[in-house]
Amino acid sequence: MFSTAVVDNLLSAPVLAFVVAALATSVKGDIKLPQGLYAVLSTYLLFAIGLKGGKGLAEAELGDVWQPLIAAVVLGLLTPLIAYVALRRLGRIGVIDSAAIAAHYGSVSAVTFTVVLAFLDTEAEPTEPFLAGLLAVLEIIGIIVALAIAQRSLRGDDESNWGDAIAEVVRGRSIVLLLAGLLIGVLAGPKRLEPVDPLFVGLFPGLLTLFMIDMGTVAAQRIRDVREAGWRLVALAVAIPVVNGFVGALAGSLCGLGVGGTTVLATLAASASYIAAPAAVRIALPTARPGLYITASLGVTFPFNIVVGIPLYYAMAKGLT
Amino acid sequence: MTTTERQLVTIIAESVLKKRLIDDIRRLGATGYSIGSVEGSGTGGRHTGDWEGPHVRIETIVRDEVAERILEHLVERYFTNYAVVAFASTVRVARPAKFD
Amino acid sequence: MFSTAVVDNLLSAPVLAFVVAALATSVKGDIKLPQGLYAVLSTYLLFAIGLKGGKGLAEAELGDVWQPLIAAVVLGLLTPLIAYVALRRLGRIGVIDSAAIAAHYGSVSAVTFTVVLAFLDTEAEPTEPFLAGLLAVLEIIGIIVALAIAQRSLRGDDESNWGDAIAEVVRGRSIVLLLAGLLIGVLAGPKRLEPVDPLFVGLFPGLLTLFMIDMGTVAAQRIRDVREAGWRLVALAVAIPVVNGFVGALAGSLCGLGVGGTTVLATLAASASYIAAPAAVRIALPTARPGLYITASLGVTFPFNIVVGIPLYYAMAKGLT
Amino acid sequence: MFSTAVVDNLLSAPVLAFVVAALATSVKGDIKLPQGLYAVLSTYLLFAIGLKGGKGLAEAELGDVWQPLIAAVVLGLLTPLIAYVALRRLGRIGVIDSAAIAAHYGSVSAVTFTVVLAFLDTEAEPTEPFLAGLLAVLEIIGIIVALAIAQRSLRGDDESNWGDAIAEVVRGRSIVLLLAGLLIGVLAGPKRLEPVDPLFVGLFPGLLTLFMIDMGTVAAQRIRDVREAGWRLVALAVAIPVVNGFVGALAGSLCGLGVGGTTVLATLAASASYIAAPAAVRIALPTARPGLYITASLGVTFPFNIVVGIPLYYAMAKGLT
Amino acid sequence: MTTTERQLVTIIAESVLKKRLIDDIRRLGATGYSIGSVEGSGTGGRHTGDWEGPHVRIETIVRDEVAERILEHLVERYFTNYAVVAFASTVRVARPAKFD
Amino acid sequence: MTTTERQLVTIIAESVLKKRLIDDIRRLGATGYSIGSVEGSGTGGRHTGDWEGPHVRIETIVRDEVAERILEHLVERYFTNYAVVAFASTVRVARPAKFD
């Protein structure tokens, strides 16, 4: 039951591409995609996700949306706090590094989001159409909360950076592309967007698969840094998503999402950002060690969520809804 | 023809610093700059990877004292926490006024 | 009626993407597409337009084509002259700059061409299949005429540049890609090209939409230069396309094109080049100020045509045919 | 009969694109695709070919595969030897250069492979699903054999390079992408890969056509070097593929492949590598002249196979099976 | 080892000039060149943008007098009307003949 | 501020050599490097083309003797058979230790 879900997920094109690319890289096989394709693909994915969510919102009633929206905000506050406390107490990690890592777990991974959607498709599990909207909300709040923690502990000196970092996130490409997609999707609506469906809907799984090849090579390089990070952090990089995933599943079922939507919200809560968060943290907390937060989010949590986490959160969602 | 000496300051830094480095050198007196991108690795151990994109390679031709200021500023502000390399060299330009 | 056409056009994916991207940029949001994607998309668009036109020509009879072809040649002569006179007399702009700007209005914008085709699709308005052929003709003649004006006024000194500039246009990527597409389309014909339709037909609206995001960011940056250009030029950058558009609509109806084809011809006449022309002008008229001709064509005329002009020319075409 | 096949092939989008681009380049028209697109397209093609082959292998029985596999190995041994002997005896070319060129003819051109598949599609000629597997086998063996020849004649000094060169091939992007595609295709199977078919199946002919534009420009530049290479080499660059093609056709018919599969195997045997082989040879045989082996494989043999060779091998296959 | 001094001339210019700049430096005696691309901004105010593509950054190693000629030529021919920056610096090469 | 002189060694080479050139300079004492890409042409006549990709342009800041070693090594190992150009110039750095 759970095992079959794991297999289904593992044998889906995107996850399989990720694993194969990671293996190839670890045996020194050159499977790197050409320079620049990575940026093009992530641009496409973010914009396409936005469009999808926008089309959904165009048809959704406010009544269906406001509860999940609140749930997302709450998760945006909770998940970084959970991560921070765990890192401080159990991980014995310093204030700055803990806040830096927490920012990554407070934010979300858009790619993990797309993989869970693809997974639920193969499981023929319907999902609410407006979930991409929650993605945008979560991506921002989580980072801000975690940076706020850091600021307080740093007595808010170096104000400038703090402000810049927020701007970095809110005006950053990932958020702006996502919001632009949402806006266009809402305004145009599904009917008018049919001509662009072949690109933004039809090619989505394929381009996601190509992207996962790149992710596999990158993650494989990160895994080598795991030693430097220490077993404590590695353990937490598995434990935190599971806990946050469960909190997310709870929130999803309470705010009336179906099994599909609950699985997605759980996955979002469990996922760790490795694009928006690192950029913001690098600016706001320059003394935090990227060797820790990148390894945790990209080297451990991302692969874990992609391969094991998603089916796990799916099982949680089924149990709770 | 008569050429005049100026300083060419080259800065290689992680791309997240791009915007602020441009603002900084402008504020410190640079009249212009050119930016290319490079991958690389150094003592920091971290290589440039996809997830963070390549490094920026900033070139700016300036008067000696401006070069001084830029290098000082970089040392104080960035060298400790960021992957930044900077160096200055003497170049001959045909139109010095452009860089003053 | 006209207003609904404006709304239809404004809510189409490509135009909406243009507007949203321009707004995002004006509030300092980073929605720039990755370096290099711009070049790839414009390559694709030009080649795909060529293929489309080629397939059309393969099926068209010479009888249907020759009249529109003559109309295109005439427009190639008239539109830059109209622009030049208006810029000299009403704009009080110098010879060189006037000729430089006129070259842009004499030539055409392939992107505006694709947007009007997409618009007519949504209006379920049929278009003649060979229109892309006219695009190629217009793109070249207009520039040459305007450069000829400049040459005469410059007493043809600096001959070399003048020749180089023509070569620049005729051998330039935009023309060559367009002609290559036309040739391949004509030789292979629709049947043999079916295997490549998913790329060159199916993805066209979507890739155009992505491209318009880039156009939006670029145009938004140009709009800032409008002050420098002065209100006179800005007013002319709206007036000239309207006049040329009307002349184009007249020519279209006279040469027996339908409402669709007439709308397209009017839009071509009204559109200003911002790729082929600038490159040619930069070489042929180095003393002309790009701050003027780019701002006029890209900062004012392009957005105007995309948002207001196309429905306007559509209304003209309906009135005249 | 043969002539119609030539015409069919010549008027197919990919071949037409190749010829038109080559002509445009030879009249100094700028039809070069944007920097970097080349790498993206070849990445796509290799991975897509692998997926296709993998899906095929997933459904094939071992019984169907082992004979063609042996045939491929035999061809991997024979074709470079034939090339080497011809170059030494008839071409009067030195040991190193002969071995270097032979390595190119021992290996294969993945693009030629895709063109022959597209050609057979238009001829409605079915092909065995596992042929891409043979591609991978042939690409490696042929190079190794030819380098072995060189090594022996060089008394195996400079061992390091020799080993590096093999690694260069086996770990090189073209092989790794091909194998990754094969592996993913086999593990996931056709059903699970349906979501990615729009990208990897639907767009294949179109993206191949774009790629052939680039190939046309590159080949046209190479043709200029033909003088330097000398008529002997040029003649051999046509003769060797014909001979190897015939040997391939024989092998194909003997190992029980149909007309389609036999045509493909013949084309593979006849094709010359211009990606994997040059990289390996540059390292293993640094004193060999690229002016010779690139001109032969890319400037002469590739165009010959694309335009004339494929229909010829098709005719051979029909005659032999 | 013994190295010899040569001049490295670096030219940063709007991409529309690429072809002619290459022809010019070849004609003036350069035996080769390398071209990269940069974005940038200067006193001209215009930034490099998509519609025109990035600037070209041309490097050529030449003898002193050739460097002279190139800089002179650039000043006369391009500096007034085009966005061009050029500078020369002294470098040491191992194989001077290659650049003569 | 006080700056110290170091050598900037720039290597332009066909891309197939990238991996080995990096290994070589590391082994010869470079503490880091930056890599960009350029197209170009020279006396070898062959231009960089799509099928082989652009050239790599490697920059490494090193101590004088390391620069010596690198240039020597390049001459012996690559100059005869490969399209390689290399040159050294003196630059001033703010943090010399980083390059030792």
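Points worth noting:
Every chain is named by a letter (A, B, C, D, E and F) in the order it is written, and numbering of its residues begins at 1.
Criterion: contacts are C-beta pairs under 8 Å (C-beta built on N, C-alpha and C of every residue); 3 or more make two chains touch, one makes a residue touch a chain.
Just so it is clear, the structure is predicted and the values come from calculations on it, not from any experiment.
Common neighbours of chain E and chain F (chains touching each): B. Interface comparison, A-B versus B-E: the higher count of C-beta contacts falls to B-E. Of all chains, the one whose Cα centroid sits at the greatest distance from that of chain A is E. Rounded to whole angstrom, the centroid-to-centroid distance between chain C and chain F, based on C-alpha atoms, equals 46 Å. Between the CA-based centres of chain A and chain D the separation comes to 41 Å, rounded to the whole angstrom.
Averaged C-alpha coordinates put the centre of chain D at 34 Å from the centre of chain F. Contact of a single residue of chain F with at least two other chains is seen at positions 36, 89. Looking at chain A, residues 35-36, 39, 198, 202-203 sit in touch with two or more other chains.
Because contacts link the chains in a way that matches no line, ring, star or complete pattern, their graph is best described as other. Contacting chain pairs (ordered by label): A-B, A-C, A-D, B-E, B-F, C-D, C-E, D-F, E-F. Across the complex, chain D is touched by residues 11-13, 16-17, 20-21, 24, 28-37, 118, 121-122, 198, 202-203, 205-207, 209-210, 213 of chain A.
Residue ranges of chain D in contact with chain F, taken from their complex: 32, 35, 38-39, 164, 214, 217-218, 221, 274-275, 278-279, 282-283, 286-287, 290-291, 294, 298.
Taken in their complex, chain B has these residues touching chain E: 1, 3, 6, 8, 31-36, 59, 61, 89-95, 98. Across the interface of their complex, chain C is touched by residues 36, 39-40, 43-44, 47, 171-173, 176-177, 179-180, 183-184, 187-188, 192-193, 195-200, 202-203 of chain A.
Of all residues in chain F, those touching chain E in their complex are 10, 12, 36-43, 55, 57, 68, 71-72, 74-75, 79, 85-89.
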